[in-house]
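Each of the two complexes below includes chain A, the first together with chain B, the second together with chain C.
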Partner chain A sequence: MSQSFDKLLDARGLNCPMPLVNARKEIGKLEPGQVLKVMATDRGSVADFQGWVKIAKNVELVAQETESVDGASVYIHYVKRTT
Partner chain B sequence: MAERRNDEVWTAEDLLERLERRDKFFVLDVRNRDEFGRFRIEGREPLPAVNVPYFEMLELGGKDEMVDSVVAYVEQHMANQLPHALPILSVCAKGDTSQYVAQGLRRLGYASANLKGGMKAWGLHYATRAVVETPTLAVYQVSRPARGCLSYVVASAGKAVVIDPLRHLHPYLDLARSKGLTIERVIDTHGHADHISGGPALASQTGSSYHLHPYDAIHPIDVLPATFPFEPIRDGQIFSVGQHELEALHIPGHTLGLVAVRLDGRYLFTGDSIFIHSIARPDLGGKAETWAPLHGRSLRKLLKLPGRMTVLPGHFSSLDEADDKGIFAASLDDVKQSNDGLLVLQRESEDGFVRYLLKSLPRFIPEYVDIKRINAGLLAADEDAASTLELGKNVCALSQAYKDSSGETT
Partner chain C sequence: MESSIRTQAVDPTQVQALEEKVRDLEKRLRDVEERAPEDRVSLIVFSGDLDRVLAAFVIATGAAAMGQQVSIFFTFWGLSVLRKGRQFSGKTIFQKMMALMSPRSSQSLPVSKMNYFGVGAKMLRSMMKEKNVSSLEDMISLARDLGVRMIACEMSRDVMGIRESELVGGLECGGVATFLAESLKSRTSLFI
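Right after this comes the complex of A and B.
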């Protein structure tokens, strides 16, 4: 089952906090209702995106997935801009 | 405040030195709240600390860039919480995000440093201290300060015995190389529950023998035998190391196969029995009621040894148990007069002491069952799984050891 999205942010190889910093900037450019797919290799991003959407007023975490690419884990976050 | 080295970056080693010296500083920890709850920096005395996850600073600070958000967040929400008179150590999981936080604080005029490598580096830091170092005998204490784990290298005439080696082997291999020592034996005083033993790996890597009491080669909860080779330790067994002798003393209680090791009449490696300020818990094998009376009898046996012997324990619960050289050691006479559990032992009957033990049990740590499985070779763990299982400070002592260990202010 693949989740639909409107924009892709490739944050692979970036250390904390950049996946989240860059995702916030990209979310600001989306229309309400649109979804950003974030790909990250920082494992901590899983808990951080969960914590972030709890306090951010305009976003919702639609789904999180982990994929294995060439033996390395890629953490994928689908974030929807709500308002 | 005059500081040596770099004010803006503290390594794990710098941090340990400052904690040992009781330097005053404030900790701003920007990890998730549950990570902070499980594992934080602890000093000789409670450290002032505050935990604000970085994503809250980012979102509530409301700027595009991390440093700008830190500045805005601190100005709006934290101005009264952060001291201007103390250095502020910024801490995160791996030391990246905390750099931005430290930079933001400095922009606001605070003296802020970043913990290099974050809590990961602090958790993996090892320190090696000489307890005694003479031409004929040396004893080194190798500690993992963030976890409160202690291990030892006894050396004489170029030969060495390693007692209770911890998971990472580099401290022992480096010490052996720099002092020109051949590691002949590795002894585990017991099957550990709180940390993954480096014993079997160190023995196989150095071609030395691995010694364990046979009772601890059976997982106490699974009741399954260990899968790796070991030489069974007997009560009273003598091991030579250079010109000196080590003697194993079977002292069941914390585990059924626990041994203390005495070095001549001078040093007593107590494993998980007597610590400096506290004593070990008897319940990690899941048999508290049955093992508690054994524990009491074993401790009484140890108290009959010569009082001038130096106790070298397997754990500490607070850095404050170290002497001014950062070594965790005290004479048996001293611990008899100051150790919480031993004071109760000396004034209570056997039954009274068992009641004290059973009402002093800290919470059971579920991860410890798996760690014991790994230590019996019944389960494998890669580096990630191993560090997750070993996260935070050991909980091997009675509950009295964990009072006032944190300085959380929020």
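Right after this comes the complex of A and C.
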């Protein structure tokens, strides 16, 4: 099962607050209804993205998953721009 | 079939009383709405310690990314973050001493613990770089990009003898009411 998305943001290697800040910038470039896929290695980003969608009015977290790439965890967030 | 609707005599004074009540409620609702906090975060940066200032900017940029309107009020030692250089001429002896002993820019801020004449701060910076954490200077410019308002406290700037020409551009200046006007409308206010 794989989630569809319109744009990919590679935030691997970046630390707090950069995955969130960059995702916010990218989501602003999308059309309402489009989905941004964010790949991050920052473990805190899992909770950060959940917090973001709770507060911001124009985003929705479609899915979150964790992948293992070469033994390292990659946290994947699918964020949808709603309006 | 006989209509079941029965007309009732309406007492005009009752209607008037109701209208008044509605007007009163509308006014109270407006007052409550005016006083309700908005999507704002306001920070006071009082400290000039690198570690504390970093925390402030992580919160500021994070909040801005989450769609909050962020303002940072810099006062006392926090003004060092905004310095771009230092001048001595025309200052009183105490102001000259202050200028000599305080950091010349954000680059030379000390850490709050284990500073050891600046070695600690350099160490922290290199450890952050190793972990790919943005530097303080990157975060300051990022905060500007995200529309974070930066306000320099007029009173402490004047007391410490820091001239406006010694500070970076793009700042607002203000006093306690400037901060309070923001913080009273904010959901979160922090003193750092």
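Simple rule for what comes next: the second predicted complex is superposed on the first by the 83 of 83 C-alpha atoms of A that agree within 3 Å, B and C clash if a C-alpha of one lies under 4 Å from a C-alpha of the other, contacts with A are read in each partner's own complex, and residues count from 1 in each chain.
As a working rule, a residue touches a chain if its C-beta (ideal position, glycine included) is under 8 Å from a C-beta of that chain, and two chains touch if they have at least 3 such contacts.
Fair warning: this is a prediction, and the values are worked out from it, not measured in the lab.
*Asks:* Identify the partner contact of A:G13: answer first if only chain B is touched, second if only chain C is, both if each is, neither if none is.
*Replies:* So A:G13 only meets chain C here.
*Asks:* Have a look at where A:I55 lands relative to chain B and chain C in the superposition and call it first, second, both or neither.
*Replies:* In the superposition, A:I55 contacts both chain B and chain C.
*Asks:* Now for A:G44: first (chain B), second (chain C), both, or neither, which partner does it touch?
*Replies:* first
*Asks:* Touch test for A:G33: chain B only (first), chain C only (second), both, or neither?
*Replies:* Touch status of A:G33: no partner.
*Asks:* By the touch definition at the top of the document, which applies to A:R24: first (chain B), second (chain C), both, or neither?
*Replies:* Touch status of A:R24: both partners.
*Asks:* For chain A, which residues belong to both interfaces, chain B and chain C?
*Replies:* Touching chain B and chain C on chain A: residues 15-17, 20-21, 24-25, 48, 51-52, 55-56.
*Asks:* Enumerate the contact residues on chain A facing chain C in the complex.
*Replies:* Contacts found on chain A: 13-18, 20-21, 23-25, 48, 51-52, 55-58.
*Asks:* Under the touch definition given earlier, write down the residues of chain C that touch chain A in their complex.
*Replies:* 39, 58, 61-62, 64-68, 131-134, 142, 146
*Asks:* So in the complex, which bits of chain B are touching chain A?
*Replies:* Contacts found on chain B: 32, 35, 53-56, 58-60, 64-66, 92-94, 96-97, 100.
*Asks:* In their shared complex, at which residues does chain A touch chain B?
*Replies:* Residues 15-17, 20-21, 24-25, 28, 44, 47-48, 51-52, 55-56.
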